[in-house]
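Same chain, two partners: chain A is paired with chain B first, then with chain C.
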Partner chain A sequence: MLKYLLRRLIFGLPTLVGISIVIFVVMRVLPGDPLVAMFGAEGFQRLNPGDRARIMSDLGLSDPLPVQYVHWMKDIASGSFGRSFFRGDRVSELVLHRGPLSAEIGLLSVLISWLVGLPVGITGAVRPNSLADNVVRSVSVLFLAIPGFWLGMLIVLASLFWFHYKAPLVVVQLWEDPWTNFQLAIGPATVLGLGQGAYIARMTRSCLLEVIGEDYVRTARAKGVAERLVVVRHALPNALLPVITVSGILMGFVLGGSVAVEQAFGVPGLGTALVTAIVERDIVVVQNLVLLYGVIFMLVNVLVDLSYALLDPRIHHE
Partner chain B sequence: MAEPSASLSDSETVDRRAFLKRFAVAAGGAMIESLPGRSRARAGAAEEAFQLRALEPDPKRGGTLRYGVASSPAHFDIHQSGTVANIGAQGPMYDNLIRRDPRDGQTIIPDLAYRWDIAADGKGYTFHLRSGVKFHDGADFTAEDVKATFSRIIWPPTGIVIPRRPLFSAVSEIRVLGPHKIEFRLKEPRPRGFMFSAFASGWNVIVRKKTLEENDYNLRQTPNYPGTGPFRHVSRKKDEVWLMERNPHYWNTPLPYLDRLAVYNFAPFSPELGAALLGGKLDYARIVDTATLRRAQEQPGMTGATYYQSVVDAVWVNTRHKPFGDPRVRRAMHLALDRHALIDVVKEAAPYLLGGFVYPFSEWATPRNEMIQRLGYQQDPKPAVEEARRLMAAAGYAAGLRNVDFVVREGTSWKLWAVAIQAMLKEALDIETKLRTVQISAFFEETQGGNFDLSIGAIVSTLIDPSDYFNAWYGEDGPQNYSKWHDPAFQRLVAQIDRELDERRRRALVRQGETILEQDPPFLPVAWEQLSDAWYTYVKGQQPRHIFGIYDVARWDVAWLDK
Partner chain C sequence: MDKTDGSRRRAGRIAVMAARNPVSAAGGVAVLLLILLALAAPLVSPQDPLKTDFRRLAAPPGARNYLGTDQVGRDTLSRIIYGARTSIFVAVSAVLLGTTVGSVWGLASGYLGGRVDLISQRFMEVLQSFPDLILAMAISMAIGTGLPAVIVAIAVTRIPFGGRVIRSVVLSVKELTYVEASRSTGASPLRIMAFHVLPQCLAPYLVLATTHLGVAVVIEAALGFLGVGVPPPTPTWGNMLADSLTSLVPHWWLVFFPGLAITLTVLAFNLFGDGIRDTLDPRVYAGVLRATTGPRRLQRGK
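This part shows the complex of A and B:
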């Protein structure tokens, strides 16, 4: 198992290097000047070419691209991830401050997607084409179709105008004030979770329908095992493997979706920080956050692979 | 200098005429009584005892004001900044030499300078500074700090960019005459109203000489450098909230009335800002969208106001690209815009004003009733369009133009306008444009690089005085002259306007300049910005109705909470 884990992590390295090169090059090729954000429109227009060149040099943007890339890798190796162009804040501090909230939102959304998606999928598979199945299928299609940021905005507006409620404005960590923290995380997590839940429900239904038709399920029924146990003990564990795989892939969507959904809810997580950094052309912050998202996505997929062995004894990672 | 007026009520509204009247009073207040030998400002006679008070008779002490505004600056150097993200958050921590009265937003009143004299030749401005004032770190405030501050503004070291530098282009020397006395020497006299407005600009906060020296005169990455202002730094959560507490040693007792100020970061016009205010998480929101303003004005216990902003939205026409160097083509395009319709197009997003090339609400502008008789500003656009077609035909472009590159700055109003202007140019003059929307960081690269035929966006000025923006927007080397427009007659006129000391003659020169700009437009004015704030009525002492721009009145020292 350990060997397998190491091998996966080593194989993942070229992927991460690829991501780092792509984002590094893209951020430098795209039009736009970080000095606009730094000096404001009025100040930027008064910069003479000499000042501009000097400041770009101070920011490390005048070096040849390979040199800039090596500097970035050194920053990563040192664990600091460099400093924001603006204000000089360390990216590592940004990640430590906002990362826990975004991680909570991601994990909570996965939990919600399973809590919603599994029962809905099971209901549809156990009673296919029944009224309940049709209703839940329609609802799941609805959540697949609705963009998360739009649903987020609706929830914010509805809670504001109906209940005069607005979530807290600043990051409060779970260990500082659990209730306030929960108020921050629950909105985006619900929206992201419902979107994922729709995928989970559809995958669960189709996989379970397939498994329910297998011989061993018929045998279990023939032996007089209660229907609930047949489904939960015998059919479901075998149907879950593809669902877990989908969950791993969906994690990528959560990471991507969280950027827009955090914005919609006004939650100051890493997604919001990424949007701000893109608008400001804060190259250091953008490239580090994108790479961080890449690392998380890769690790989640390794964990998904490892979980197969736990669910299916036939699978051994050697 | 006029003593602050104390006649404004919280419910009072201001129209253009009232604003002009007040601004004229304020400008007049900035004018100096002529005395033999040396002249002295009237408010200067108020001596060191002058202290500001809330407008209301019985202000309450205490409480925390939760204020929502763009307050995540890209750096911390107020002098080098041009965005509300700096002045909105950091303004309460600093004082100026002189300032605009926060109660009317217009009258210039004493601040760290309690008195001033102007030499008879108009070339010397001497400021008498308060003694006993301390920076937040306990250091004494002296004339050396004023000299260090203004020296950096006027003669910035290499790598330091200060947008307000041109306001002091006439200053030749700053002399410290004593620990609390300082003189600014001018190469030649300038209109006094202009000079006082420049000194009173909210951007020109006084920082400590030692702070500048210790940071190599660059405060971009120096958070929380000490000021003398009514509030002092407590903590800052990046992009979230900036907490400040009352400065217990503030020289202007009993200000400030608030114990704490929590400045939350929200993008202007954003639904998040409106939601935070309406959801009760904020007490006061700056630059709200129209829907939030309307809701605040309808909701009991809340209110809101719209005020003038120092920004024009315009379409720049690249005079270096054929045929836009021809004034007839530019004037034709100027006349083809139905400005009333354009203002209507964006009214749900933001409030705008009709205007030409001069701040339409300023005493310098052609009055509105005259303006709307003029081609290009009439309710009925037909006569203007007929004239525009005639001009295009005379220029040899009766058949219109094709493939005109139209760069659009990312933003709700500009995107809406670009589509409307595209249709107007096509319908009136058969000019076919291709829209190219770009982010703000790319917009300036494109416009300054001249990579456009037409370009829509906005520009800002520091002062309402034409000497500031005539040079910056229309000057040959003006940093915001994106069209690369040049008119020798206009340049000569601007030099005269800059030096003319007689207000009446100066106003006449500005009108002459306006005529040139109408006939040979450096850009196509679309509309002039207004902004809106909304707040709960228990927030007292803030009078955003009367201000020009959001940069001069950002200190919250006279605000208090009635609860």
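This part shows the complex of A and C:
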């Protein structure tokens, strides 16, 4: 198992390098002059050519591209990840400040998606084509279509309208003030959780239906096991494997979706930081954050693969 | 068999499909209506979507503006109708572009195999390591916001899906006897790919293209909402949602209606896509799923 994990991580390295190169290339084809983005068109006019050259070289943007890439890799190796063009902050500080909140939102949303999706899916599979099943299926089809950031905006609007409630706008870590932190995280987590929950419910239903039709389930029923136990103890564990895979794939949805959803709730997480950096064209921050999202997504996929072996004894990792 | 007979038979087949799957048929009709609405935008929209009216700033829905006006007095209904144009145009062109590039790539990499396959698989893996929206944001920012930039940005995120699915189809098709027969007669790889393998990819291609339309609409809207979509004077649903946030307390009609338009469009596309998937080939579904899950280096023990 440990060997498999190591191998996966080592095989992931070339992909990681590939990811970083793609990001680097995408960021450098920027047609706009980063100085125009930094100082505005007027401010840019006021700079004389010498100043422009000096600032460009200060930012490390006048070096040849391979040198710039090596500089970036060095920044990553040093753990600082480079500095923001605008605020001069280290990117690592930004990530440490904003990251925990986003991580919390992500994990909480996965929890919510399972808490909602699993019971809903099981209900549908146990009584297929019943009224409850049909209602639930229609609702989940609807939830697959609702954009999370819109749902978020509606929730913010509704709570403001009916309860005069507005979530706080400051970055508060869990260990500083759990209650305020919870108020920040719960909104985006719920929206993202419901979005994933719709997929989880769908997958649970179809997989469980398939498993319930198998011989060993009939055997369990025949020997008089209570229906509840048949479903929960016999059928469910086998049905869960694809559901876990889907949950892993959905991390891509969570990572991407959280950017828009955080923006909708005005939650100052990592996603909001990325949007700000993109609007400001803060290349250093953008390239590092995009890389970070890519790395997290990759690691989640490795974890999903590992969970396979834990849950299905038939699967052995080489 | 004359021509009318053929078309009647085709119509009959569509009717059978629709009867078997009424929800998807409704989705298809809704998609058709949406496209008509987008095309006829200048005829059906009550007002000019760009005309500001400073006597009616942020007017709530009423008899003069059925869905109200925004902060500079533009008619929300007209903007939503025009927004359908951008949304559908971007979604359709991005999905067609991305799926086509991905499919051609998958066809080549699957048929040629060897080193070409290895390298392109790695590249697809890299592309798939980014969450859709984040990759689209980065690309859209890099090549400058605008309609073509948004289309390319969304298209790139669709490439790996086309690549993986078509590649897996090609891998199984190229071992079939008729392909081998054609190879034995000395047909060139290009000829075999174009005339013998490509036709087999048509059904999965159509499934891919239709099932991804909904996602593309959402990404387009999200890009607009985050300020890296089609730039502001053009009315898009995402831009409208972003604009609504400029007032301290957003007006409900400026939030509710554009989002509703997105939801209904995505819903229509999703239902339509599901119907196409179910009718064309039930086996494709497993392929699509496998492709989205990515390669799993697992072995089933005995």
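Going forward, the second predicted complex is superposed on the first by the 309 of 318 C-alpha atoms of A that agree within 3 Å, B and C clash if a C-alpha of one lies under 4 Å from a C-alpha of the other, contacts with A are read in each partner's own complex, and residues count from 1 in each chain.
We adopt the following convention: a residue touches a chain if its C-beta (ideal position, glycine included) is under 8 Å from a C-beta of that chain, and two chains touch if they have at least 3 such contacts.
Just so you know, these numbers come straight off a predicted model, no measurement behind them.
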item: Chain A as common anchor, with chain B and chain C clashing or fitting; value: clash
item: Partner chain(s) touched by A:Val279 [first = chain B, second = chain C, both, neither]; value: both
item: Touched partner set for A:Asp63, first chain B, second chain C, both or neither; value: neither
item: Touching partner for A:Glu214 - first (chain B), second (chain C), both, neither; value: neither
item: First (chain B), second (chain C), both or neither touched by A:Asp133; value: neither
item: First, second, both or neither for A:Met153, with chain B first and chain C second; value: both
item: Colliding region between chain C and chain B, picked from 41-49, 221-229, 347-355 or 383-391 after the shared-chain fit; value: 347-355
item: Overlap of chain C and chain B interfaces on chain A (superposed complexes); value: 31-32, 153, 157, 160-161, 279, 281
item: Parts of chain A lying in touch with chain C, wherever the complex brings them together; value: 8, 14-15, 18-19, 22-23, 26-27, 29-32, 141-142, 144-147, 149-150, 153-154, 157, 160-161, 245, 249, 252-253, 255-257, 259-260, 263-264, 274-275, 278-279, 281, 286, 290, 293-294, 297-298, 301, 305, 308, 314-318
item: List of chain B residues in touch with chain A within their complex; value: 72-76, 80-83, 85, 158-163, 165, 220-221, 223, 237-241, 264, 271-272, 275-276, 278-282, 438-446, 448, 458-460, 479-480
item: For the chain A and chain B complex, residues of the former touching the latter; value: 31-34, 36-47, 50-51, 54-55, 58, 85-89, 94, 97, 153, 156-157, 160-161, 164-166, 168-171, 266, 268, 272-273, 276, 279-281
item: Footprint of chain A on chain C - complex, ascending; value: 122-123, 125-127, 129-135, 137-139, 141-144, 214, 218, 221-222, 225-228, 241, 244-245, 249-250, 252, 255-256, 259, 262-264, 266-267, 270-271, 292-294, 296-301
